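Two complexes are shown next, each including subunit A; its partner changes from subunit B in the first to subunit C in the second.
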Partner chain A sequence: MSLVRWWSGLVLAFALLAVLRIYLPLPFAIEVIIFSIYTLGCSFLLGRVGFISFGQPAYLAIGAYATAFYLFYFGNNPYIGILIGIAAGIVGSLLVGPLLVRLRGDYFALVNLALAVIIYYLMQKVLADITHGDNGLWYLTNMSSTPVLDLTRPDQFFIFAFIVAFAIWVFFKYLDDSIYGACCLAVKVNEDKLRFLGYDNFKVRLTAFVIANTTTALAGALYAVYLGFVSPEITSPARAADPVVVTILGGAGTLYGPIVGAIVYTGMKDVVSKVIGNWELIVGFTLVFIMLAGEKGIWGSLEPRLNRLMDRMTGKRSDEVGQ
Partner chain B sequence: MSGNGSTLGNLLEVSGLNVAYGESKVLFDVGITVKPGQVVACVGRNGAGKSTLLKTIAGFIKPSSGTVTANGTNLVGLTAYVVAGMGIKYIPQDKKVFSDLTVQENLELGSYASKDYGWDKVYDYFPKLKTLLDRKAGYLSGGERQMLMVGRAILGHPKLLLVDEPTEGLAPSIVSHLKEVFGELKKKTALVIVEQNLPMICAIADKIYAVSEGHIMAEITDRDQIKPEVCEKYL
Partner chain C sequence: MIDSQLLVSGFVFGLSMGSIFFLMTIGLSLCFGVMRVISLDQLLYYTVGAYIAYTVSLAIGNLWIGVLGGIVVGGLAALAVERLVFRRIYEREIAFSMITSFGILIGGVGVVKYFWGLVPRPVAMPIDAQIFVLGTEIPVYRLVVVGIAGLVYGGIWLFLNKTIVGKAIRAGIENVEHVEGLGINVSRLFTLIFIIAGGLSGLAGGLHAPLIMVEPQMGLEVLAFAFMVVIIGGLGSIKGTLVSSFLVGQVVSIGSLIYAPLAQMAPFAIMLLILLVWPTGLFGSPMLKK
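Take a look at the complex of A and B:
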C-alpha cells in the first residue's frame, strides 16, 4: 500500500470533520469527537476481536473519575489530569482484563455490564464521601490555563481533542494494517487455528482489551476536562448500550464507523429530540433498518462502494470476487 | 496397545494414551512412535479416534493419562501454541482458513509466529499461491485453502506436521499434487497423516497405524504390507 493511499483516507476524514466544525455548533463538534473516541474502543472490540461489551461506561468512568480526582483534590493542570485518566485506564484494564478476556460472547457482555453497575454504585453510594455522590465533583474553576492550547477554553479544547482523535485514528489504522490486527481478526474468526500457528490467544485478546478500554478511558478523561464536572451519571447502566448502538450504526470494526455513528447518533439526539420527545425511538427504528439491510452499519455499507469508486477513478481493477 | 518400540531415535513417542470427552472415552492406551523423516499414517473409520489422537499430540486436548514425548520433552499439559512453538504444527481437517484475511496476511501470520519469512519454499510447493496473494482467503477453493494451510504450516521448518484428512473432498488432481508435496516434505520433516484415501497414503507412508474404536489394532511397518488391500481389512 502506498504511503499516499495510507494517509489519504485519514486526512480526508478529518478534513471533513474540520469542515463540519465551521457549520456546526462547537459543543456538538466536541461531543462528536469525544463520542467517536469513546465508540472506537467498543468498535475495535466488537468488530476486530468479536467481544460485545455493554460495560464501556465502566472504563469511561475510570478515566473520567481519575482525571476528576486529580483536578478536584490534587492539582489543576488538565494535561496532567488527562494523562492520569489514561494511566487509570491502563491499570483498570490490566486488573480486570485477565479475568474478563477468558469469557466469551454473552458472558463477556453481561459481566462487563455488571462491572459498569458496580462502578456506578461505587461512585454513587460507597465512595460518596470522595465522589460527592449524585452531586458529582465540580472543578471547572479549579483548572488552570495551559500553554499552547488552553484546555479551559472550548474553542482550543476542540483543537486539542481533534489532534488527539487524529493521533488515535493513525494508531488504530496502523493496528488494522499490522500483523497484530490480523491476529485480532483471526482470533475472532477461529481462535483454535491461531493457537495451532503458535500464538497465545490470551495475550492477543488481553492486549486488544487494554488498547480498547484505555481508548475509552481517554474519552472519559476528555469529558472530565471539557465539562469540568463528573457525576455517576457517566457510568449509568441506562446508557450502557450507547457505544454498542453507535458502533452498529456506524459499522463495527470499520475505522471510520465510530465517527459516522457518533455524528448520526449525536445529531439525532440534538436535532430530532427538539422535534420528537422520544428520539430514542428513531434510533431504534434506524438500528432495525440497518440490521435488516445487512448488519454492516452506515459506513460499513458505504465503504466498499467508495472503494470501488476510488478504484475506478484511479484506474485500478479489483480482482476480488464480491469485493 | 502397540507401538512402544525403541525410544532411541524417535522424534515423537506416544505411550499409554487415554483420552475422554467427559464420560465418553475415545482413546484407549494408545501408543505410536515417529522417527525423523518418517511419514506415519493413521487409518480407520470415522469416529475411530484418529483426529482426537492428533489434537491430543498438538496440545488441544488434555489426555486423562499417558505420555506424549517429543525429543525428550513431555508435551502433556502444554498448550497448543507452546507445542506449535516447539515445531509441531497441526493442520486441521476442516480447511477453514482466516477468511477475512488475504492469502498474504494468512502467510504473514504463519511467518510472524515462526519468524520465518522464506516464502519461496511455499511457492516451490504451491506456485499458485503466489498468484493469489491479494485474494481474501474466504474466496479460495477447497484445494487452494488446503495449499494455504500446508504452506502456512511449513513456515518455520517444523519438525513434525500433524495433518488431518488433507485430501477429503478434493479433486483428484489436487490429491495427486498433495501426494507429491508430502513425498517431498518428508525429506525435511516428519509427518503424521490421518487419511482415508488408502491408495494415496499407502504410496507415501513408511508406517501405518490402523485405528478402530479408540484402539491401535495394527502397526504395519513392512513396506510390502503397506498396501490399500491390507489396510482395508482394518476399516
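Take a look at the complex of A and C:
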C-alpha cells in the first residue's frame, strides 16, 4: 500500500471534520472531537481486543481530575495540565490493568463499571475536601493564556483539539497496520493460538488496555481544559454506557466509526431533545435496531461500500472489500 | 461504638434493601444461568413495576393491587421483549446481549418518560404501623418486604426442585443441549424463564416504590448495584444471588452507620476484593459460553 493511499483516508476524514466546523456551532464541533477521542478508546477495546467496558468514565475522570487538580491547586498552564492528565491515565491504567485484564469478558465489563462507581463516590463524597464534592472544581480564571495556541479561547482550543485528534488517529491507524494490532485481533479471536505463536497474551492485553484508557484519559484532560471545571457528574454511573453506545452506533473497531458515532449521537441528542425532549427513546431503539441488523454500525456498513465505489472509480479490482 | 438501637434499625434496613436487590437480580441471574444472556432490561421491568404500583395505588388507594399489576405488566413486557428481540440473539456472545438489552433499557426509559413524565413521584406507605424490636421502632412494611422476598425464594426453590419444569430449568443451567435432547421444548422454557424474571423484577419495583421516589431514571440508578450483586454471587447462581444481595444490603446499611460516604462505595470495594480471590464470584461456575 503506497504512502499516499495510507494518508488519504485520514486527511479526507479530517478535512471533512474541518468543513463541519464551518457549518456547525463551535461547541458542537468541539464536543464531537472530544467525544470521538473518548469513544476511540472504547472502540479499540471492544472491536480490536474484544473487551467490552462499561467503565470508560472512570478513566475519563482520572484524566480530567488530574488536570483539574493541577490547574486548581498548583499551576496555570493548560498544556502542562493536559500532560499531567495523560500521565495520570497511564499510571491509573497500569495500576488497575494487571488485575482487570485477567478477568473474563463479561466480568471485565462489570468490574470496570464498578470502578467507575467507586471513582464517582470517591470524588463526590470521600475526597470532598479536595474535590469540593458535587460543586466541582472551577478554575476557568486560573488558566493563563498560552502562546501560539491560546487554549483558554474556544476557537483556538478547537484547533488544538483538532490537531491532537489527528495525531491520535494517525497513531491508531499505524497500530492497526502493525504486528501488534494483529496480535490484539488475535487475542479477540483466539487467544490460545496467539499463545502458541509465542506471544504473551497478558502483555498484549495490558498494553492494549493502557493505550485505550490513556486515550480516554486524554479526552478527560481535554474536557477539563475546555469546560474550565470538573464535577463528579463526569463519571456518573448513568452515563457509563455513552461510549459503548457511540461505539456501536459508529461501528466497533473501525477507525472512523467513533467520529461518525460521535457526530450522530451528539447531533441526535441536540436535535431530538429539542423536538420531542425524549432522546433516550430514539437512542435506545436505534441501538437495538443496529444490533439486530448486524451490529456493524453506521460506518461499519458504509465502509465496504465506499471502498467498492472508490475502487470502481480508480478502475482497480476490489480485493479488499471482504475484510 | 454504635448505638444498639441504630444497629437494629440499620440491620432491618439492610435486610429490606437486600430483599429488593434479591428480587431485582434473580431475573438477571436466571437469564444468565439458562440462556447465557445478560438481560439488563430487567431493570426496565423494575421501573415499570414501580410506576404501575404508583398509578394503581393512586387510583384505587391500594398498593398491593398495584404491586400485582406491576408483576403482570412486568411479565408481559418481558414476554414481548423476549419474542421480539431476545429470540434472535440467544446464539450470540454475551457482550452482544449486554449491549442490546441496554438499548432496550434506555429506550424503555424513554417510553416511561413519555407516559409518566420526568417528575419524581412519591408513593404512600401501605402499612404505617411500627413495632418495637429490642427497644427499637421498626416500620412493619420493611419486615413485610423481607417476608415476601423469603416467600419468593422458597417458592422458587420449590419450583426448581419439585416440579418437572423447574428441574428442566436446573438442567438447562448445566447444559441446554442435553435438555433439548431429552425432548423438552427449550424455546418455550426460555420464554417461561423470561416471564418469571420480568414478573419478579416488576415485583421488586412495586415493593420498592413506597421506600423511594419513583422516577424514570430509577432503573439506571440501581444498575450498578444489580451488577454488583450478580457478580459477587456469581452469574447464574440463585443461592449466590440470595447471599450476595443480603451481604450488599447489610454493607450499604451498616456501612452508612459507620461512615456515611462509605455506604455507596464499600460494596464495590468488597466486590473487587472478592473477584481477586474468586474470579467468578462466590457461587459462580467457571464455565464459559462456547
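Things worth noting here:
Going forward, the second predicted complex is superposed on the first by the 318 of 323 C-alpha atoms of A that agree within 3 Å, B and C clash if a C-alpha of one lies under 4 Å from a C-alpha of the other, contacts with A are read in each partner's own complex, and residues count from 1 in each chain.
What we mean here is this: a contact is a pair of C-beta atoms (placed from the backbone, for glycine too) under 8 Å apart; a residue touches a chain by one contact, two chains touch by 3 or more.
Bear in mind the structure is a predicted one, so any value in this text is a computation, not a measurement.
By the touch criterion defined above, A:185 lies against subunit B but remains apart from subunit C after alignment on the C-alpha atoms of chain A.
Judged by the touch definition given at the top, the superposed model places A:200 against subunit B, while subunit C stays out of reach.
Legend: residue contacts after superposition of the two complexes on their common chain; A:155 is shown touching neither subunit B nor subunit C. Touch criterion not met for A:134: it reaches neither subunit B nor subunit C. Once the two structures are overlaid, the count of subunit A residues touched is higher for C than for its counterpart among subunit B and subunit C.
In the superposition on chain A, A:311 makes contact with neither subunit B nor subunit C.
Under the contact criterion defined above, no residue of subunit A touches both subunit B in one complex and subunit C in the other. Interface residues of subunit A facing subunit C in the complex, by the touch rule stated above, are 46, 50, 52, 99, 102-107, 109-111, 113-115, 117-118, 121-122, 125-126, 128, 237-238, 240-241, 244-245, 248, 278-288, 291-292, 295. Against subunit A, in their complex, subunit B makes its touches with residues 58, 60, 79-81, 84-85, 89-92, 96-101, 105, 108-110, 112-114, 134-136, 139, 152-153, 156. Residues 179, 182-183, 185-186, 189-190, 192-201, 319-323 of subunit A are the ones that touch subunit B when the two sit in their complex.
Chain contact summary for the complex, subunit C toward subunit A: residues 38, 85, 88-89, 93-96, 98-100, 102-111, 113-114, 217, 220-221, 223-224, 227-228, 230-231, 235, 260-262, 264-265, 268-269, 271-272, 275-276, 279-280, 288.
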